[in-house]
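The structures considered in this document are given below.
After this come two complexes, each holding chain A, first together with chain B and then together with chain C.
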Partner chain A sequence: MDLIQITKATVGHLTPEIVLLIGGTLVMCASVLTSKSARENIHTQRNNYAFASLLCLIAAVVARYWYGAPSIAPGDLGLFRFDASALASERLTFLGGLILILMSWSTAPKGRLAEYYGCLLIILAAIPIVGASNDLVSMFLGLELVSIPTYILLGIVKTDNSGAEATLKYFLLSAFASCFFLLGVSYLYGFCGSTNLSVIQASFGEGKRLMALGMLLAICGLSFRITAVPFHFYAPDVFEGTSVTMAGAMSYLPKVAGFVALIRLIGAGTLSSGASSVVIPVLLGCAALTMCVGNLLALAQNNLRRMMAYSSVAHTGYLLLAFVALIRQDASPGVMFSYLAAYAAMTLGLFACLGEIEAAGGKSHLIGDLAGMFQRRPAASIGLTVALISLIGLPFTAGFWAKFMVFVSAVADRRVDSISMLMGALMAINAVIAAGYYWRILSTLYSKSESQVPLRVFRPSLFFAYTICTVLTILWFFVPSAM
Partner chain B sequence: MPNFFSLIWVVPLAPLVGCILCTILSFRGDKKDAHLPAILSLLVSAASALIVLFLWNPESSDAGYMISEGYRYLQIGSVNLKLSLRVDTLCLTLLSVVTTISAMIAIYSKGYMHGDPGYARYFAVFCGFVFSMTMLVLSHNLLMMYAFWEGVGTCSYLLIGYWFRKPSAARAATKAFLVNRIADTAFLFGIMLLAYAIGHTDVGVGQNWFSRLDFQNIFDAAPVLAEKHAGLLSLIALLLMIGAIGKSAQFPFHVWLPDAMEGPTPVSALIHAATMVTAGVYLMARLAPLTQHTPSVLITVAWLGGITSLIAAVMALFQDDLKRVLAYSTVSQLGYLFMALGAGAVKDLMTVAVVAAMFHLVTHAFFKALLFLSAGNVMHAMGDVIDMREFSGLKKVLPKTNILFGIGAAALAGVPLLAGFFSKESVLAVLLDASSDTMVGSHFFALLGIGFLTALLTAIYTSKAYFKTFHGPEKIPAAAGHHAHEASNVMLAPMAFLAVGALVAGALLGPTGKISEYISKTPLLHHHEHAEPMWLLVVSSIIALAGIFAGYNISHKEAPASGLLKTLADFGRNRLYIDWLYNVAIVQPMLSVANFLEWIDTNIIGAITDALAGLPKLLGLAGQRIQTGRVPSYSLLTAIGIAAVAIWIVTRASW
Partner chain C sequence: MSILIPLLILVPLACALVIFFSGPRAKAMVPFGILAALLTLLLSVGLCFEVYQAPSRLAGADGVTEPTIEPKVSFISDTLRFVLPISVGGHPIDWQLSFGADGISALMVLLTGIIGFFTVWLASSQIEKRTETYIALLLVAISMLMGVFLSMDLLSFYIFFEAVLIPLILLIHGWGNGKNPQAASKRFLLFTLAGSIPMVVGLISLAMSPNIHGQPSTVSFSELSRLASQAVSSGLPVGTKDTWAVWLLLLGFGIKLAILPLHTWLPMTYAAAHPNTTSLIASVVAKLGLYGILRIVIPLAPVALSIEAQMVIGTLGAIVIVYGALVALSKDNLREVLAFSSLSHVGFITLGLMSLTREGLGGAALQMFNHGLITAAMFWILSMLEQRHGTISLKSEDRGLAAQYPKLAVLLVFFTLAGAGLPGLNGFVGELLTMTGMMRVCATLVAIAVLGTVLGAWYGLRIVQRLLFGSDGPRVDAQHRSLSGTDLQPREWLPLVTIGVLCLYIGLFPMRTMKLFQPDTDRLAKLVEPVSKQTHRDMDTLVVESTNP
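Up next is the complex of A and B:
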């Protein structure tokens, strides 16, 4: 296949992303084109922008189905490779995108609607690009296409001091992490003479210490996106300093981007035994630290947002265990994608519920603010309950299977060495610690409180958002193969 | 595969849809339409079951059974949980009975439960039960069967405790649950042992632990195991049997069933007489190709069945509560089924034994459901009074119920040419056949005697209950008020259907040889000629008629004041002191142990746990100090992390 054909096929497969990029750009331009009178009516404006974004997303989904699954053989030398992982990352992104657009419908910052939705759509376009990348250049391009709109989004959703602090912290630390990623990438390129991931993975043989260093530096750079310890520090400050919707987006979208990039960087079975003896201990140590730090710090929190930030860190730890299992070929990438899907439903569902409570005039800053919420706002409380049960990982929710599959693949029956056993034990202990703080939120929801004023303002979009999450969370328990 | 065959999925799924719809309705304020989805879905389910029953030709496949591939529930590594349905003549027989009778009882319930505050909840659990039961019957795998086995147990628990505000109902539900739990634990151990044992045969090669338990694999492995590990196989069969006798309320687990009558009467009719309690019998019949290799276990089964049928009949004789009479009668009749199954211990008799058990199961389902629903009518009219000492002579007040109960009672007593007559006679014929065996014949000769005695007692207590309730001087309890009235047509119509079944099902299926021919088409059960001697029919008729006459005579007599009969009556009334014995010997000691353990739990383990639980929080608070909120310190820590990784690589000496 010559270059022209490859390019044509690639563009064809990237149609959904191209649709989203063009859509995002158009939405961003729309604010200039709309008349002044139209800009004054905030409700029409909200509906218009959200609807336009939803339309873009639907168009992207339709484009994917129109084009069907990739029929060309994976071009090992192209910039992109379309395989099951690429499609799965796209599916995860679109699922998150749908819920986030619904959540944004009534919570997007007024006056900055065009920029908000434009940036959101571009992030949604960028993650599948990372997921399909087969080259360090396209991967970095995708990652930056996620980062830069994220800076803007963080900057515009909340303009007070805490918002500015969160934005600046995220920007600085993200740049810092990108540096490490680039440093690692430059080592890899310098060593292999190619930026193509297939070539790099093929040449990652024995005795290449410098290359291992490059690989690990790149992994460190990606660890920032997935909030792995010790790159997680920004998470609590950012979660606290931004809007509920953005906190939800921050807990999910960068995680998907980071993990699909990791899967791309080190695929299943691409490491030689020598290379894996260096990379895997680092990843396992990182997973152990991430689980423990996330859960222990969450346990000590009374601030709901910070707690959720640490909870997001803890879930990264579990996902890293699944990633190690993937490298060792104990598990298929499906385990990670299922976990991410379940995580999307539970964490976005939780933030959607919090968003509805805030939109209805309640507070959700501290755990105590939720006291008696079941009486005040029953629907959102039920959504929260399902999300929390799923986060704990109890049966009748998707979280159960997600955690179970990670656990089984981390401690696969072939792995009887002490380290794997220890990891399994750590995961179990962490699941118990996590149940402690999630349960505290649950019991607060149903406790009695002096403020019994029902919250009556109804936001259909938020209601739809968490209804979708709740239904998916329960449905996936019964049909885990669809997860 | 013919297209209609996929209809088999409609049988369990329709009630599931009904269950979901009723659950949704139960959250609404207005619940009075909850019967619609339930009745409709159950009718659809019954219709599909009957269509498959009539159209599916068991000879169309060589194996004699069909597997309808289901959806793959879960795949973890090599373990593949696939829910498939296995269809053969044995399961279709039970399936059509379950779905038909549940549809009828659902219609009856519309009238009976009318106006109850939990109307929608009732129908939701009802449909959930039918879903679990049909899946249990259709399971292709023992473990899948176990899952739905627990499912029907849960529904039974929910329905016994339906009026959960009544302490006696809540207690009865707990009792049923716990007694079943004990038996189910044995069942589960049996399943695990079986999976382990099959794993060590050629059949288990390349199979994961779930697919090892496919019935087909169990049947393939059974002869191998019987040859090599006969002791282990007997242990497995014994454990599985304990599960079966627990669910079917056989001695020593029979204590839960009479208490289960705390639930609504239609539920007693459906779950605790016609369907769920027969799950144990079905399990034994299903596993016949396995148990036929363990005759000693089958003889144990037969003896337990014999003991149960006799003691339950004695207890039924002295009960004053109409529903409890019927409950003990159910226990007693199930004992018959187990006696029949036990006769499979004799070589070549397994098929006949299974046929006799299934035949009596089918007819019993019809007439016992009819009897319970009639008792429900009485209860309905008498203002929830069910004690036979409080009312009598109701034939004027409840003329139609009188006839329907009469038909059911006659069928149960074994009046010639009615359903119970033929099926009971086929059970006795199997026992007679087995008693001629040279090796174990003496066991079955004794059991045949018990069978005849139980038949006599059955006729006596049935006719006693009937004549006491419907004949003699009219007496109506105060609780009924002045409006004691016949049940509505929506209740009577399904009863009429059941009455037709109680009248003709026996004659249609038994003497014509239809049921034996049909069930013999089940794989691994081979048709076996066996004659039923004429004298058995005559003796049965005489016993039934004598029993009825005796029952009529004692129905309005005062209980004997003294003498041997008085002692016996006290024994019967107090359930032979078995419940009391369990309480003293098992429950109370267990409670003492539990109290002691609770003390240890709160004072020692609790203290340690609390201390341990404080630790993570302390660690968390310590960790918070690192989170300073300053970007430079964050960057520094990150850099330290990366430096650590770099040092790790550089110092890795291995390459």
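Up next is the complex of A and C:
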């Protein structure tokens, strides 16, 4: 295949992302183009922007269906590779995007609607680009295309002190992490003489320890995106200092981007024994630390957002365990994608419920604020209950299969060594600790409280958002293959 | 294919959902809930008959390679399968779920049906607030319990095993009327999860054990038990990897059955939950751990169990008998006394299971049923007493309730004696068999256990003496309750008398009941007795002539 054909095929398969990018840019420009009178009615404006973004998303989905699953892979030398992982990451992104747009419908910042939806759409376009990347350059491009709009979003949704702190913290640390990534990538390039991932993976030979160092540096850079310990310090502050919707987005979108990049960087069964003897212990140690630190710190929180931030850290730990299993056996990354899908449904569902409680005039800052919420706001409380049961990992929710699959992949590793069995046991202990703090929220919901004022304001978009999440959470239990 | 099996799981669940979603008419749904429970009871009786009449296939000449677990009635649907995007050793993970019942399952299903129905029946008069929701949650719990007992593979067993938690937590949290139900429900949740989540690692490694022989992994009990018995008969050495799994499984099941160091959730939960809820927990849910050991640990990992854990768990069982009895003697709150007495009696069943002999396993299975009946009845009596007098304490005075409530007094004495193991009642048969089984392996443990029966009679008679008899004569408590002073009404004595008749029947004709599950426990014993004999060289040295034909 010559270059022109490859480019044509690539552009064809990237249509959904191109649609989203163009859509995002147009939405962002729309605030300049609309007349002044149209800018005055805030409700019409909210509806228009949200509807336009939803339309872009739908157009992207339609474009994907139009092209169908890519039949030919445009050579290993191209910038992009369209395989099952690329499609799965696209699916995850669009699912998250749909819920986030619904959540934003009534919570987006008033004067900055155009920028808000524009940035959101660009992030949604960027994650599939990371997922399809077959080259360090395209991967870095995709990752930066996720980060830069995120800075803007964090900056505009909340303009008080805590918002500014969150934005600055995220910006500085994220730039720092990108530097780590670039340093590692430059090592890889220096050793292989190519930025193509297929070439790099093929040249992992014995004894190339320094290449493993480059890989480790790149993993460090990505660890920031997935909030793995010790790169997690920003998470609680950012979650606390931003809006509920953005907290939901921050817990999900960067995680998808980071894990997808990890899967691309270290594909299944590509590491040589020399490189894996360096990378795997580091990843396992990181996974162990991440779950323990996340869960233990979450246990100590009274602030709901900070607790969810640490819970998001803990889930990263479980995912890293699944990732190690993926590297070791020549398995498909389906377990991780299923986990991320379940995680999307339960975490975004939880944040949507909190968003609805806040939109209706309640508070959801501390756990105690939710006391008696079942009487005050039954629908949101049921949504929260399902999300929390799923987060604990009890049956009849998607969270059960998510945890179960990680356990299976950890135990399957037992053939390689017994450490992973120990890791499975460690994860089990962590899941019990996690049940402790999730149960605290649950029992608070149903406890009695003095203020019995029902919250009556109804936001259909938020209601739809968590209804979708709740239904998916329960549905996926019965059809785990659809996860 | 038996249609009864899906019905047993789905009927109570569907009825519970109807009650949940009945909206403003919910108050009127109580009779509907009772009907649903009755239907479940009838279905479980039907299942028992079906299992009873199914042709029993005793292991033939090549008996050892036949599966140890073989459902007599089964329900397998091709749509119920679980495919994972991982392949282990070249085999993709494609697990077929299956349901079925052999004698042991049928017995436990019957127990769940009986206790479930009467719990719902009594709830209608004993639970004052949100009765219909309470009944709906009970029905969900019954459905999940049926699922555990009817599942014939590791995966659905585990799903239902975990799912039982959800309704129970809500029942304890929402309707508990004792000491701090919130803290108790949290402790119950965390303890149970602390056992069951590590347990899943053990279950998965059992499911993957065929991979060692180059076969695809499976979750089916009959497949796995066939492999286990093959391994035993060919004398393959067991790797250290199996022992991991056994300990993890025993941790999970041990917490459910409240083995000694892991028991602290039990008294707290029993003291906090409504006695009606407690009757279901004590009589059926506490059996899940024992059932799990009987169904999974013994047939699927016999060698590792016998080498590693048999004596440890057996000793803990013997200790818990004496410990529970002693604590029961020292407590004054009747809820706590009953909680510890239940703990003590479960010790006998553990002892019987860990003997790994024909008598011990059969006795344990029978005693699981017996203990379920007796404990539930005791908690129902407690619940009725509390409805009349508030918290029942044995501390201060001889209350002389016998004069006031003659019917209740007779039943209380009857069940106390059944619990203490009076010959002619069911407790005697089960405990005798479990001890006979253990006698063949380790006489010291039996000596300790016998001490427990003496103490058991002591605290049982203490309850009777302090509550029923005494010089003070009838007296009405300061807090006047609606029923105080009235003896048992028909709707109250009906469940107790039914259970009493069952106790008497099993006590007089134990072999008729045991016929239901004897073939299954015999098949199990045939597998594990040789294994146990290898580990314990001095087994059967006390018994001159073995009763095993």
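Rule of thumb we're sticking to: the second predicted complex is superposed on the first by the 474 of 483 C-alpha atoms of A that agree within 3 Å, B and C clash if a C-alpha of one lies under 4 Å from a C-alpha of the other, contacts with A are read in each partner's own complex, and residues count from 1 in each chain.
Heads up, the rule we're going with is that contacts are C-beta pairs under 8 Å (C-beta built on N, C-alpha and C of every residue); 3 or more make two chains touch, one makes a residue touch a chain.
As the structure is a prediction and not an experimental result, all values here were calculated from the model.
Peer 1: Quick one: chain B and chain C on chain A, clash or fit?
Peer 2: Overlaying the two structures gives a clash between chain B and chain C.
Peer 1: Contacts for A:436 in the overlay, against chain B (first) and chain C (second): which applies, first, second, both or neither?
Peer 2: both
Peer 1: In the overlay, answer first, second, both or neither for which of chain B and chain C A:202 touches.
Peer 2: neither
Peer 1: With both complexes superposed on chain A, which partner does A:180 reach: first (chain B), second (chain C), both or neither?
Peer 2: Touch partner of A:180: chain B, not chain C.
Peer 1: What is the contact status of A:405 with respect to chain B (first) and chain C (second): first, second, both, or neither?
Peer 2: Once the two structures are laid over each other on A, A:405 reaches both partners.
Peer 1: Between chain B (first) and chain C (second), which does A:213 come into contact with in this model arrangement: first, second, both, or neither?
Peer 2: first
Peer 1: Please indicate which partner A:480 is in contact with in the superposed arrangement: first for chain B, second for chain C, both, or neither.
Peer 2: Both partners, chain B and chain C.
Peer 1: May I ask you to decide whether A:421 touches chain B, chain C, both, or neither, giving the answer as first, second, both or neither?
Peer 2: Only chain C is touched by A:421; chain B is not.
Peer 1: For A:58, using the defined touch cut-off, is the partner it touches chain B, chain C, both, or neither? Pick first, second, both or neither.
Peer 2: After superposition on chain A, A:58 lies in contact with neither partner.
Peer 1: Is A:233 contacted by the first partner chain B, the second partner chain C, both or neither?
Peer 2: first
Peer 1: Applying the stated clash rule to the superposed structures, which of 167-175, 185-193, 221-229 or 455-463 from chain C runs into chain B?
Peer 2: It is 221-229; the other listed stretches have no clashes.
Peer 1: Considering each complex separately, which residues of chain A are in contact with chain B in the first and with chain C in the second?
Peer 2: Touching chain B in the first complex and chain C in the second, residues 404-405, 408-409, 412, 436, 480-481 of chain A appear in both lists.
Peer 1: Which stretch or stretches of chain C touch chain A in the complex?
Peer 2: 82-89, 93, 159-160, 162-163, 165-166, 173-174, 182, 185-186, 189-190, 193-194, 197-198, 200-201, 204-205, 208, 211, 241, 244, 248
Peer 1: Using the touch definition from the top, list the residues of chain A that touch chain B in their complex.
Peer 2: Checking each residue of chain A against chain B gives 168-169, 172-173, 176-177, 180, 206-207, 209, 212-213, 216-217, 220, 229-231, 233-234, 236-237, 274, 277-278, 281-282, 293, 295-301, 401, 404-405, 408-409, 412-413, 433, 436, 479-481.
Peer 1: Would you pull the chain B residues touching chain A in the complex into a rising list?
Peer 2: Interface residues on the chain B side: 71-77, 613, 616-617, 619-621, 623-624, 627, 629, 631, 634-635, 637-638, 640-642, 645-646, 648-650, 652, 654-655.
Peer 1: Please output the residues of chain A touching chain C within their complex, sorted ascending.
Peer 2: 325, 329-335, 338, 389, 392-396, 400, 403-405, 407-412, 414-415, 418, 421, 424-425, 428-429, 431-432, 435-436, 439, 443, 446-447, 480-481
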